[in-house]
Each structure stands twice: as C-alpha cells, then as structure tokens.
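Below: a set of structures, written as structure tokens.
The following pair of complexes shares a single chain, chain A, combined with chain B in the former and chain C in the latter.
Take a look at the complex of A and B:
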C-alpha cells in the first residue's frame, strides 16, 4: 500500500515502511524528480514560480508562497495515500519541512482523507521508542496488502 | 567580492532562490548561508526569546545568532520571508533589529512571493553592495566644495548646486528628453550663482535616467535612489543618527525607505493605482480650480469627514469628488478628503508592509502639500512627520552630498 508519512521526509519512517513491504510516499522522491529534471535550472530544489501556483490546489492565493510551494510537493503524495503515519512533536533531525502552517495543513488533509492513520507522539526514552516502533510495525502489518 | 549572508524561510520552496542569487551576482556580490549546527537551533531560539512554531523561522534565528557571534564571515545581510506570513514578518523585523544592534553590518529585508524576480531585488542588492563597497561615501554627513546633484525622475528632473554645505541653486522641470531636461535643469540651478560646469568639483546623478546622464556628462557618482534619497532625507532633516522612515509620495509611484544611521535597510515601492499618488492630487486641484500649491492650505481648513473620497482608482476617485461637490461639500472639505484618501491608500498599500520608525521624513513634491502631510501623520496615529527644507530636491541633494566625498574633479 502507499503510505504517507509525517514529517514527509523522515528517513526513519521511510525505512520502517519499506521494511514492511509497503511503499513510502516520501518527499525525497518528489524532490529527486525535480532535481534530476534537465529542463529546469533553479537550485536547490529546482522549484520555480509554477510550483506555488500548483499548490493553489491545496491552499488559497492569500496563503504565503512558501506554504503553497511545499504543498505542491506534499499535496500529490496525500492525494494518492492509502494509509498514513503521523509523528507529532518530532525534532528537526527526524524530518522537517520548516513551516508550521504547512505542517498543520498537511496533517489536516491526511486526517480529512479518512484513510487508516496512525498518530504517534515522538518518543523521548528507550521504552517509548520500543513502543512506537511496535505500534508502527503492527499498524503496517494490519494494513496487509504489502 | 561582497559576501551577503542570506537569512530566510521559504525561498527555495517558493522558487525564488535563483532570483536572489542572480540579483546579488549582478552587483558583484555573493550569497552565502550562515553556518549553524542542528543541535544549536533549539538553544539559539530559546536564547533569542521568540517562541515561534516554524522550524524554518527557528533556523533563521540560529543563523542570525551565528552572524552576531562572528561565526559567519559576511559583509552584509539579506533577510527574507514569505509575503503574508505573520510569524515570518515578526521574526524578520526582530532579527533585523538584533543584527543592527549587535553588529555594524548593513541589513536589507524583503517579503517575497513566487512572482519575485531578480530585477525587483536589484535595487536592494545594489544598495547593500554600495553600503559595503562605498561605506566611506555613505558615511559623509557634510557637503564640501562645489557639487552638482541631478535627480532624473520619471515625471520631473531636479537639480541642486551645493557649496560648503548649503544649497545655492535649484532647477526643477518636467522630464521630457532625459539629457535635455538635465541640461536645462543644470542651467537653471547655475543661474545667478556665477558658476559654470567648469567650476564644479563633482557631479552625482540618481533617478531613472541616471545611467544615460551620468555616462554622457562624466558624473563621478551614478547611484540608485535608495541610498541617495535616504541619505539626502536624513541630511536635510538633521536625523543622520538613529532610525527614521523616508516617505516619498511621487507623481507616479511611491517609495517608503526605512533607515538606520543614514543607511537604508528596507524599502517598498509601488502602489496599486494612481488613486494613491500625487497625480490624483494634481487632478483634484485642477477640478477644484486651484493651483496645486494652494491645495495643501485649502485642505488644512477642511474636514475630510464631510466628503466621501476613498476610491482606489483615480477615475472613480474623480467621480467621488464630483459627486461630493454636487452634494454641496465645500472645496476645503473635498481637498481635505483627497489628501486623506491618498494618505489612507499609501498606508494600506505600503506603510503596513514596513516597520515604520519615527521620525517619518516626508519628501518629494507632494511633501509641500501640507494637507497631505497632516493626513499622513493622522493616519499613522499622530506620528512625528518632518518635512525638511528642499524636500522636493531630496535625490539631487543626496547626490550632491555624496559626490562631495569623492575628490575634486579639477584636481585630478
């Protein structure tokens, strides 16, 4: 199944999803597509004026361009997601897209989609970490269809 | 090469990073990103004391601290956040203050949209490069010798001749052919002074026509309006130290520049419609049958509440004016309402975007309309508005002042 994750660029979540045989919908893959596009030359992510305009599908024109630009990358992942894992209160190193408003909107869209969703709080000790990993693997196993 | 440190949030996701780099490189500058360790971000923003929700904004704070602590080698700072992001705007201004209070680095701030292009950033990057590369010129607080300043504006050409810190001649005429207008303006300024072009020690040029005039007349200083106007304004208003805001409501566009110790650090230019420009006041005075110089005193005698004039559009604004007059409003009330309307629109369209700092120095031809100056002060909650002598010649005075620090042409 196609699993959306939040933060969408979390390498740890991506790895856990991949190990369980599902397809992680990661932001890295979206950005990779843009970066390797020889037609565009707009470093660092090869995003152009057109991308925040594509983001209008997810956020209105009065929303800052940075939010719409982020949504142009993350929104299509939400569109195709069949399940989601949301990690709340995670530190920068776990995954981060830099903007609180984009975070709120992304999580809202994932919840609104009505797909199977696992919401977790970032673990702060070893026991909590074990518990979180168990919950994620159980959730992914229960989804089946891998 | 001038090293400009970029502190920003959202530029890469908005697709404008390339434009920022391009604008800087056009003026011989290089954009660098301040170094900060991921483990220090949390500590840095707690130390700064601003509880923000976005990690990108927290990173901005950590980068600002890296600059202040001398961990980043840079000559200037460019701070940018997304237009309409409240958190970004708040932190942008606080970081700007923090860097200005703790370093001597010039800072320019900007709020961008996905439409932001390099040419919109040129004037800021040119100003930053100027401040760094020509610091000695901008440090000048007194005019010396005999210098000429020319401001070739889109509507009018202004010229001043200055000698030993005093304006001794002025020229003011509509801009038609750029060179011809400048030449006529110079002749006007020289008239009665006994001097000719052979006597001057230097010539500075600013405004839209600066390159053409500057190259043709071998001007020693060819400079964008941002540095020149702000320098001219604080010089004439005797506000060279500390903070100030320069407001120029022009015939076709409006400029608001915030200044710290005579150095510009933010700038907004434009206006949605001519309803917020000096052109609207010119049409108002024509419709009222008075000279533009009489509009100000007329407005001061009127009450803006007694006439409805609040259209964003110059055409509908004139319709409102005619309707108000037909309904029996007095000329005084209509004049006051016109000034109020322009002031409110400048506030809504431009002053709200910027961190207005007292004193506000109003310059340009419209600063001579006292009703407008009063309305601007009122709209801003009674802020102290200074209109210095020669306020309409601000760019020309700034040019003449700055060029006087560049040596004497006859001694070369």
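Take a look at the complex of A and C:
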C-alpha cells in the first residue's frame, strides 16, 4: 500500500514503512523530479510559476504562493495515499516542510481523505519511542496488503 | 548494465544511515557494497553511505546493507544525486539542509533499533479517562470509600 507520512521527509517513518513492505510516499521523490529535470528553468530547485498554479487544486488563490507551491509537491502524494501516518509536534521544519500553514493544510487533507490514519506525537525519550515504533508496526501490520 | 543510456530521472539515490548502536562502521559498509560489484555510484559519508543507480540495483544493494545489522541500519530516499554541487557540503561550506533533520532524528535511532529488535503488539487506541461514577464504584469495591469521601 502507498502510505503518506507526515513529516513527509521523516527518516524514521520512511524506514519503518519500507521495512514493513509498504511504499512510503516521501517528499524526496517529488523533489527529485524538480532537481534532476534536464531542462531546469529556475535553478537550483526548478520551482516555476506553474507550481503555485498547480497548487490551486489544494489551496485558494488568496493563500500565499509559497503555500501553493509547496502544496504542488505535497498534494500529489496526498492524492495517491491509501493510508497515512501523522507525527505531530515534530521539532524539525527544514527545507520544503518549513512552513506551518502548508503543514496544517497537508494534515487537514490527509484527515479529510478518510483513509486509515495513525496519529502520533513525536517521541522525545526511550519509552515514547518504543511505544511509537510498536504502534507504527502494529498499524502497518493491520493494514496488510504489503 | 550500463548507466550511460539511462535517463537521470530514472535513477534512485538512497542514504544508508548507521544507527548509534550499529556494530558496522562506515568503511565496512562501503566495502561490503563495493564487493557486491553492482553498477552503482557509492559514496562514503559521515552517517554511513549513499548509493545511486538503477532502482532495482539500488534496492538490492540496500537490502544487502540492511542485512549487515538489520535493526541498526536505516534507509532514506534522497532527491539530489551524490556530490550534487547544490547540496554538497564541500561546495556550500556548511552542513547541507537535510543534515540537520538527520542529526535530530539520529538521536532516536538507537531507541528505534531497540524497539524493532523487541517488537510488541500494542493497542492503537488512546487510553481514555474513566468517568467519575465508574471510578467511585471501583473505589467502593476496594473499600476506599472513606478515603475518597475525605
């Protein structure tokens, strides 16, 4: 199954999903299409004026173009997701996920989609980490269809 | 297999990250991947290694690498190819952006590996608070009624 994760570039989530035989929908694969394109229009990321327009599918015209541009990357991942794991209160917000409003919108769309969703808090110590890992592996096992 | 005819977009890049409790060193990992004699670009890094090549070859290399220490080797996709001047630390003069996140998550990898080695089925439902009346009943049944009233 295709599993969306939030944060979409999390190492821990991606690794756990891949271990269980499912397909993680990671942001890096979306970025790859932007940076390896042989016809790069606007280096270094090749984000063009077309991207905020694509983002209109997910956010209204009044929403800042930065949010719409980000949604043009996150949105297609949400569209194809068959299940989701959301980790709240992640302390990092680097790169393309460093925008609180885009993050809120992405989580909103994942919840709204009505797919099986596991919501967790980012662990900070050993006990919490053990609990989070066990919950994720149990959730992925219950999904089946790997 | 030649990489020459492949479009760059068809190639995968994976980061192989050694957890803090891993018994494998970065050089051992790179040596192991080299010994597989697969048509890959392999880069030794401070966190482990990076492999770049055709998806099925990368998958095979990653599986072999994971088998070296199943619970302490972690895999992550990467968008930029190895040594890309837009991301390479050597060209930027500072840590690349993704490294900060990696550094943050690395702190938990030891615990993650430990949890993976000792899996446990758990309930996915959040524990709920019990109603006051029910709590009162439980207290009564335990002869703690007087203490509760106080």
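Convention: the second predicted complex is superposed on the first by the 141 of 146 C-alpha atoms of A that agree within 3 Å, B and C clash if a C-alpha of one lies under 4 Å from a C-alpha of the other, contacts with A are read in each partner's own complex, and residues count from 1 in each chain.
Rule of thumb we're sticking to: a contact is a pair of C-beta atoms (placed from the backbone, for glycine too) under 8 Å apart; a residue touches a chain by one contact, two chains touch by 3 or more.
These numbers come from a predicted model, not from an experiment.
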Open item on the list: Let me test your reading of the model: by the given contact rule, A:47 touches which partner, first (chain B), second (chain C), both or neither?
Closed with: first
Open item on the list: Looking at A:10, would you say it contacts chain B, chain C, both, or neither? Reply first, second, both or neither.
Closed with: second
- [ ] Check whether A:114 is in contact with chain B, with chain C, with both or with neither, and answer first, second, both or neither.
- [x] neither
Task: Contacts of A:144 with chain B and chain C, given as first, second, both or neither - done: neither
TODO: Give one of first, second, both or neither to describe whether A:131 is in contact with chain B, with chain C, with both, or with none.
DONE: second
Task: Touched chain A residues, chain B compared with chain C - done: C
- [ ] Check chain A for residues that touch chain B in one structure and chain C in the other, and list them.
- [x] 43-44, 91-92
Open item on the list: List the residues on chain C that touch chain A in their complex, please.
Closed with: 8-9, 11, 13, 17, 74-81, 84, 86, 97-98, 100-102, 104-105, 108-109, 111-112, 114-116, 119-122, 124
TODO: Name, in rising order, each residue of chain B that touches chain A in their complex.
DONE: 9-18, 38, 41-42, 52-56, 59, 81-85, 87-88, 112-115
Open item on the list: Looking at the complex, which residues from chain A come into contact with chain B?
Closed with: 41-45, 47-53, 62-70, 73, 91-93, 96, 98-101
- [ ] Spell out the part of chain A that touches chain C in their complex, as residue ranges.
- [x] 9-12, 14-16, 18-19, 24, 26-38, 43-44, 91-92, 94-95, 118, 123, 125-126, 129-135, 137-139, 142
